[in-house]
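Consider the two complexes below, in which subunit A is the common component and subunit B and subunit C are the respective partners.
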Partner chain A sequence: MKAGVRGKAGVRVVRLFGLPVLLVLGWWLVSGRSFYLPDPVRVARAFGQTWFSARVFDDVLPSIGRLLAGYALATVLGVGLGVPIGLSPRLRATLEPVLEFFRAIPPPVLVPLLMLLAGIDTPMKVLVIVSGCVWPILLNTVEGVRALDEVLADTCRMYGVHGATRLRRFVLRGASPQIMAGLRQALSIGIILMVISEMFASSSGLGFTIVLFQRQFQIAEMWSGILLLGLIGLTLSLLFRFVERRVLSWYYGAGAARA
Partner chain B sequence: MRRLLYGLAGLAGLLALLEAVPRLGLVDERFLPPASRILGTLAGQLVTAELWLALGETVLGWALGLAIAFCLAVAAGVVIGIVPGLRAATHSTVEFLRPIPSVALVPLATLLYGPSLGSTLLLVVYASFWQVLIQVLYGVAAVDPVAYDTARSYGLSSWSRVRHLVWPTALPYVMTGLRLAAAVAFILAVTAELVIGSPGLGAEIQVAQNSGAVPTVYALIVLAGLVGIGVNAAVRLLERRVLSWHPAVRSEAGT
Partner chain C sequence: MLEIAELRKVYESPNRSVEAIRSLTFSVGAGELVCVVGPSGCGKTTLLRSIAGLLPVSGGQVRVAGVPVTGPPPRMAVVFQEYGRSLFPWMTVRQNVELPLKEKRVPRPRRLELVRESLESVGLTDAADAHPWQLSGGMQQRVAIARAVAYEPQVLLMDEPFAAVDAQTRADLEDLILALWRDLGVTILFVTHDIDEAVYLGQRVIVLSSSPTVIMEDLKIDLPAQRDQLTTRSLPRFGELRGHIYERIQRAREAR
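So, the complex of A and B:
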């Protein structure tokens, strides 16, 4: 019995780490052939030296701070505008083509433009993140509010639920699965824009630092930066999944009960 | 019909707003030219050969990258989904590599390929590969186990099982993946041109901005938006074509 449990745990460990270990071994074997691919040990050492230093406070944390600020602003804007647009069919019909157009613009092309309008400092970078993140959130909110259950809407009216209570308990709740889907799309766009906004005319931040390493041919440091960006992306997506489970627990629960 | 009118009114309102704000001096005209001048510049650009060449480069990078990523992801996804145990073994790796933002590869692309099509392709392929792969994995997992066992006991070979059972089941998921990947691929194609300087629309925007040609920057951004709409529409059309046999699409067409 005990051996069986231990055997199962062993299988799990192999499943989790088997392929990654093989990949790192493969990397280690082919490294050294190319100048551009240093071996994993050197990258790991560079990672420690580069990122466990004052850079955390000078470059990494400000970048993440801007990302979160822009993301939060975009959420407020997107949900705040999306609810009224979704509730009014006339407003929706009027604005739909305009919104579709703005969503179709690849957000990075707005960087040169926003540099003109807002300079090259923190406001511009936050604005770039907002301008990219707001569209998926806005359009998904509109979609979610539009598709609210009509029977529930009538029930709310019958029971005299209106105003802020209706908004909180019915509109936002009912649209939340769609809103979360929009937020998930916006998060990955936000990370991309965080990096790109710092690659233009900047003197600090993660994106700037990684490009600097590349220009100075500090290859191991550059790889460690790519690794760090990957870890940040992974952490944020895990955090997001945790929050999503919390917010939508009623939704998953209902789905499981139905199935 | 009324919807169309409202939509046109919305677009007209946007144009009027963009015309009025700089004319009234609310924003400096040097930074935000009136809509008429932006559209005029766009019309002027549309008759030059350079613009069409740049547009061609962008579309080439987008289409080629998307095609490569699509083929790789479908092949990898079907194999991972079908071979027993492979899915569990690759899960942690896929979940680690997927959230890596593709722009993290910008420095690597610059070193390896410089400002050329290769850089665009590297970014586009990486970004769109995961979008398709995840959907293919969902699709293969959605295959009805009873149908699969039936196919096996009737002696269908692995190839015909993939061809006649797995592929049709996964196809709606695959097309969703393709739609998501097409949008991401376009963003990354323009980004590579903008940041690394590979030839294309993004590079033109960068040049226009450096030379202070503000109306041209706006005109090219409008053009990028229009191309984006075209890309979305094209993929949606393809999706309807490919899935015309599918009950979901057929019932939609019936109503």
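So, the complex of A and C:
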């Protein structure tokens, strides 16, 4: 019994760390052959020296701050516009083709334009992130609100549930699975745009720093920056999953009950 | 309490129009329990949604307590045919029952009392903190009923509420409705496709024709007020009444 439990825990540890360990080993084997592919130990050392320093405050935290600010702004915009559009068939018919067009524009091409309009500082970078994140949130919110159950809508009407309560307890809750799907897409787009926005005419930030290392042939440091980005992405997505599990617990429960 | 005068409903869509109800005129007195029975597709749901003010009518008028219906009347509750879908899956049973009361601004102590009493009356006290999807179909149906009861309506509309539950649950729920009706003095319009159920529950049974829908018969059910699944259903008069309705429907079918 006890051995069985321990065995199961062992299997989980292997599952969780098995592949990463293999990848690092593989990396080790191929590293060293090229100047551009330093071995893991050198990258780990560079990681410590580079990122456990003032850079945390000068580059890393400002980058993450801009990402979160842009993401939050995109959420407010996307949900705030998506709800009325989703609720009104006429608004939807008018706006949907236009929205699809804007969504189809790759946000990085907006960087030069936004630089002209908003300069090269923080506002521009946040705007770039917003301009990319807002579309999946908006379109998913529209879709989620449009597909709200009509029996529930009738129930609200019959029992006098209206106004802010209706919005909070019915519309947003009912659309939340779709809204969360949009937020998840937006998160990965946001991380990409955070880096890209810092590669243009910038003097700080994660993206800028990685490009700088590359230009100065500080290859191990460059790799450590890429590693850091991966870790930030992973952390944010784990955080997201944690929040999602809480917000949508009813949804997963109902899904399991139906299956 | 309910006056339906020359009600007509045609669903218009760009390429076709469906005449769901040709013309219906009847009324339901305060405190009455009236069953509407008709084949599926004859417009029972359409009738109910028109009375509830959820559907614009094509002609005629509906009045509730003398007031013409233009939207959902304030003291009316509905138990929908798709009862499972009418419960908020993100709320517990208790929250589902409580939400309409909050919107009605019922003070908290009274609200809690109503929730407790209504859940007790449908036998769901223990399920108060469960989510609807954790319950069986019959239990979900009882949550929908509890929510309607807690709302303290003057008029309760029910759309084929027991069509999708098993026979035993169905019998229990029928008796539950009778008990609630007697205790609350509420006016009930109960829609069903089951003639036996209509005769067992109703003080009156309104028989609808198949589409184009009109009233085929408005029959007073002169069975003893105290009903019981076993004795009432085996009364000779019960058999006569249901036989009468079957015959009417049969003759209408042959006449076409």
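Here is the rule we use: the second predicted complex is superposed on the first by the 259 of 259 C-alpha atoms of A that agree within 3 Å, B and C clash if a C-alpha of one lies under 4 Å from a C-alpha of the other, contacts with A are read in each partner's own complex, and residues count from 1 in each chain.
In the analysis below, a contact is a pair of C-beta atoms (placed from the backbone, for glycine too) under 8 Å apart; a residue touches a chain by one contact, two chains touch by 3 or more.
Being a predicted model, the structure only gives us computed values, none of them experimental.
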Touched partner set for A:76, first subunit B, second subunit C, both or neither: neither
First, second, both or neither for A:9, with subunit B first and subunit C second: neither
Partner chain in contact with A:21 - subunit B first, subunit C second, else both or neither: neither
First (subunit B), second (subunit C), both or neither touched by A:239: neither
Superposition-derived comparison: subunit B or subunit C, residues of subunit A touched: B
Which superposed partner A:29 touches (first subunit B, second subunit C, both, neither): neither
First, second, both or neither for A:41, with subunit B first and subunit C second: neither
Subunit B versus subunit C as contact partner of A:188, first or second or both or neither: first
Which of subunit B and subunit C A:56 touches, first, second, both or neither: neither
Contacts of A:147 with subunit B and subunit C, given as first, second, both or neither: neither
Touching both subunit B and subunit C, residues of subunit A: none
Subunit B residues within the subunit A interface of the complex: 2-3, 6-11, 13-14, 27, 31-32, 88-93, 95-97, 99-108, 110-112, 186-187, 190-191, 194-195, 201-202, 205-206, 209, 214, 217-218, 220-221, 224-229, 231-232
Of all residues in subunit C, those that touch subunit A in their complex: 49, 52, 54, 71-72, 74, 76-78, 80, 82, 85-86, 88-91, 99-100, 102-104, 131, 133-134, 147, 151
Footprint of subunit C on subunit A - complex, ascending: 149, 151-152, 154-155, 157-162, 165, 169-170, 173-174, 176, 250-251, 253-254, 257-258
Parts of subunit A lying in touch with subunit B, wherever the complex brings them together: 14-20, 23, 36, 90, 93-98, 100-113, 115-117, 188-189, 191-192, 195-196, 199-200, 207, 210-211, 213-214, 219, 222, 225-226, 229-230, 233-234, 236-237
